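This report concerns only the one structure given below.
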Amino acid sequence: MTTQQAPSRGRVAATLWRRPWLRGLLTLSPPLLWFLVIYFVSLVVMLITAFWSVNPLTNALQHTWSLDNFRQIFTGTYLSIIGRTILLAAVVTITDIVIAFPIAFYMARVAGPRARSILFTLSVLPLWASYLARVYAWIVILQKGGALSWTTQKLGLGPVDIGYTNIAMWIVFSYIWLPYMITPIFGALERIPDSYLEASSDLGARGRRTLRHVILPLALPGVAAGSIFTFSLTLGDFITPILIGGTGSSFIGNVIYSNIGVAGNLPFAAALSVVPIVIMIVYLVGARAVGAFEDVT
Amino acid sequence: MTRHSRVLGVLGAIALATSFTACGGSGSSSSGNSNGGGGGGGTSALKAPMQDAKLPSKIGAGEGKLNLIAWEGYAQPQWVKPFEKQSGCKVSAKYAGSSSEMVSLMKDGGGGQYDLVSASGDADLRLIYSGDVRPVNVKLLPQWKNLQPFLKSPDFNTIDGKHYGISYEFGPNVLLYNTKTFSKAPTSWSAIYDKKYSGKVTVPNNPIQIADAALYLSKSKPNLGIKDPYELNQKQFNAAVSLLKKQRPLIKKYWDLASQEINLFQSNATVVGAAWPYQTNTLRAAKVPVSDTIPKEGATGWADTWMLASKAPHPNCAYKWINWVSTPKVQAQQAIYFGETPANKLACPEMDKIAKGSCAQYHANEPASYFDSIKFWKTPLPQCGNGKNDCVPFAKWQNAWTQITG
Amino acid sequence: MNTTTRTGRILLRVWVALVLIFLFLPILIVIVYAFNKSNVQRWPIPGFSTKWFSVAWHDHAVRSSLILSVKAGLIATAIALVLGSLAAFGVHRFRFFGRETVSFLLVLPLALPGIITGIALNSAFHFAGIDLSLLTIVVGHATFCIVVVYNNVIARLRQTSGSMTEASMDLGARPWQTFRFVTLPTLSTALVSGGLLAFALSFDEVIVTTFTAGAQNTLPLWIFGALRLGQQLPEVNVVILFVLAVTIIPVAASSRLMSRGGIR
């Protein structure tokens, strides 16, 4: 680059050009500072309190270090709550993959451009209708004497009451997060060049084989990216279990919430939070191995 | 809660953390034995941080806004709207479903956000001793002298002569039942522990329910020796927990929100349960065939006080609100709406004006003996009134409740 | 497309129709019950009435919570657009020690459950003595909005080649000019879609907001309070209907933008 005398504007530009590390620093420091100071420090401070306890009357923190909180988590009921949460999160994720894949496939590879745009709008629109309202609407459908029961009775199948059960939670969770699964799968499928599919059929593979050996592997990063959403959102949710769940529907999030939002026991809630944090980090590492972060949508 | 300096970096956080001295164990209050919840007599070891706060000498101009923390049903438009018009204070209410939630929201003196909280007895002491509420000047509250004598300075909201708010209303936790299933009102709480109604029972999702189980056991298993359902030694506590674990298969849902119990009864998913009279009234207004009763074992209950946050941003509006809701007319409206008993002696005729017979129905002018018959919510502490220190504290109640419902 | 047979296509169409019904059935219920005569959500609907529309219109709590949600959403999205793009540029353009880790860590606010972010921020504000207010709501929202914008922008950056920027510089443009005339146009659709998604997430967010809001209510917080009371359920439905009606247009427009630019 030229080093001749340049007007001051040019000098700043030239300095930045010659020192890429300076550019990098300037670019990255605002967001990184935000994350470090606001997000990570808060997380760390909260996790430190997991080793403390609270005064029973005033809820003031007592800085007495111990592992009592952690010991309590890995016992009986808490373990079963954790297990139930993970299981339902996994089932919801699989359900959403199964539901979303065909529609994403249709949108990406079969529909014409106009239909694709309309379908995409339609699959994203529900996100604007308030999570709370949509969950609450399911109560009308699933409760005793609700719309579902009314329909099954009209079909001669007798009344059905799945309100406030884990089945209801499964249905509602799968419903709520569905748009988050459709979008990344759609993105991944859309990016597959037509030439790949033509090559595959030129080499003699018929539809199903191409699907299994070409399309599915290429769609995997999108599936993994979507699964991060559905898994993590289900793992941490506490509102749907309150609104839709019955007995035996408590999630990790509910126990955290009742210990912090209600009982003011920050140390125990913080200790409980370690569980979903560890689970999600493991999940993220796995998703990265599968390529979820390569072309994230 | 002591305020710590700003936490800057990870290392700084750890360094600061390890430099803090332990806040010391809980030199907490004994739990006295007054039914009014909390019991203040034996709290000599504790000092209320705000007890020497300056009291205002008059109510100034309204600040235009008022932020309340209230039970569902405590901020209804029929008395909020006239208040807003008359005082110019726009009311915004955040609802809480349990005392613990209220205490949590009120931390840090209300965080400079909230002005008033309609706290029940078990929240009152916790709020007072953490310095989250400040005393009020009852000279500025003309209705105070009209309160029932046992509610003027009860030990759940008056410490050392300082009033941390004024008593509002009180009421029992009732047994709500479907009149089609029960041709006669159930006479015992055993109805919610009865296998006959398996899958059709509902109780609140609140650890304090253990006290309701203990109350039932105090009469059905007298050899356990339960005198105060909030002061349970380990043996009594285990008995209550085991009863609740046996109850769990009968429960359709542990309700978190009042509207959930209303929904459960109106869809006929449950036929019996523990409720606030608020649910009964709402259901009856929607023509659902229910009624409520206080069974022979008695009832737990709540005694509410409007307490002023230490860092209330709108204190004048707060005083205006307390005055407004203590007037006989509003006391009557609230009592009938929620199904509770007003603290103001003069509310009775107003109640009968709105709904004939409601004064007697909600025990509005009964003597202190009615009040004493309700086992009001109290924070379970290790210090039992009998001088021993082996009662189970609330943190263990919370833990046990998670084991029961989880 | 020759990857699907005719029956395959018909089956797919049926599936798409079923999924769309599944997606919109509860929304339909929300809309129908906005006209519920009674305030109890019973099935079948007891009767129809439009009285809740005027109730919602005159309710100052609805108006102030709606305005607060919009304010918080706009500010959080603005912050996210700036910081998210900077982060995307930084990670994409510069090779530095810990780059992999940084791009991994930047996903955490979305991947970790909201309740953890909520209580971490709540206790941090508490320790630092910061009162909860619009500022703290915005801070909470911006943290995950940044991630959304970052994801969108970096995906687009990976698709575009760096040779355009170099060519621009070779032709004598200053960095700012390059940014304005070369980089920004290619990113525009990614920024719009990222910004819209960020705004949508912030507008509907309830979990983190429960812990970062003071006495003020955003729209979701107001809705939750109304659900607790159970007295004004149709009013909630009216408000949702209103929000849906208002947002159909920008959402439809943005999805057309996206399908034109190839996804993001």
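Residue numbering begins at 1 within each chain, and the chains themselves are lettered A, B and C in the order written.
In this text, a contact is a pair of C-beta atoms (placed from the backbone, for glycine too) under 8 Å apart; a residue touches a chain by one contact, two chains touch by 3 or more.
Please read these numbers as outputs of a predicted model, since none were measured by experiment.
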- Message: How are the chains arranged in terms of who touches whom: line, ring, star, complete or other?
- Response: complete
- Consider the two chain pairs A-B and B-C; indicate the one with the greater count of contacting C-beta pairs. A-B
- Message: Suppose each chain is reduced to the average of its Cα coordinates; what separation in Å results between chain A and chain C?
- Response: 14
- Task: Averaged over CA atoms, how far is the centre of chain A from the centre of chain B? Could you give it in whole Å?
- Result: 37
- Note on the structure: Expected list for chain B, residues touching two or more other chains, is 7, 107, 257, 260, 263, 267
- Task: At least two other chains touched by the same residue of chain C: list those residues.
- Result: 41-42, 124, 127, 227, 233
- Note on the structure: Residues of chain A that touch at least two other chains are 40-41, 45, 139, 143, 145-146, 243, 260-261
- Item | Contact set on chain C toward chain B in their complex | 38-42, 60-61, 64, 124, 126-129, 131-133, 214-217, 225, 227-231, 233
- Within the complex, which stretch of chain A touches chain C? 9-10, 13, 16-17, 20-21, 23-24, 27-28, 30-32, 34-35, 38-43, 45-46, 49, 99-100, 102-103, 105-107, 109-110, 113, 116-117, 119-134, 136-141, 143, 145-147, 150, 175, 178-179, 186-187, 190-191, 197, 201, 207, 210-211, 215, 228-229, 232-233, 235-239, 243, 253, 256-257, 260-261, 266, 269-270, 273, 276-277, 280, 283-284, 288, 293, 295-297
- Task: Mind listing the chain C positions that touch chain A in their complex?
- Result: 1-5, 8-9, 12-13, 15-16, 19-20, 22-27, 29-30, 33, 41-44, 82-84, 86-87, 89-91, 93-94, 96, 102-117, 119-124, 127, 139, 142-143, 146, 150-152, 154-155, 158, 169, 174-176, 200, 203-204, 206-207, 210-211, 219-220, 223-224, 227, 233, 236-237, 240, 243-244, 247-248, 251-252, 255-256, 258-259, 262-264
- Touching chain B in the complex: which residues of chain A? 40-41, 44-45, 48, 54-64, 72, 76-78, 80-81, 139, 143-146, 161, 163-164, 242-243, 245-248, 250, 255, 258-265
- If you look only at chain B, which of its residues touch chain A in the complex? 1-2, 7-10, 13-14, 17, 20-26, 28-29, 46, 98, 100-101, 103-104, 107, 125-126, 129-130, 207, 248, 251-254, 256-257, 260, 263-264, 267-269, 379, 381-382, 393-395, 398-399, 402-403, 405-406
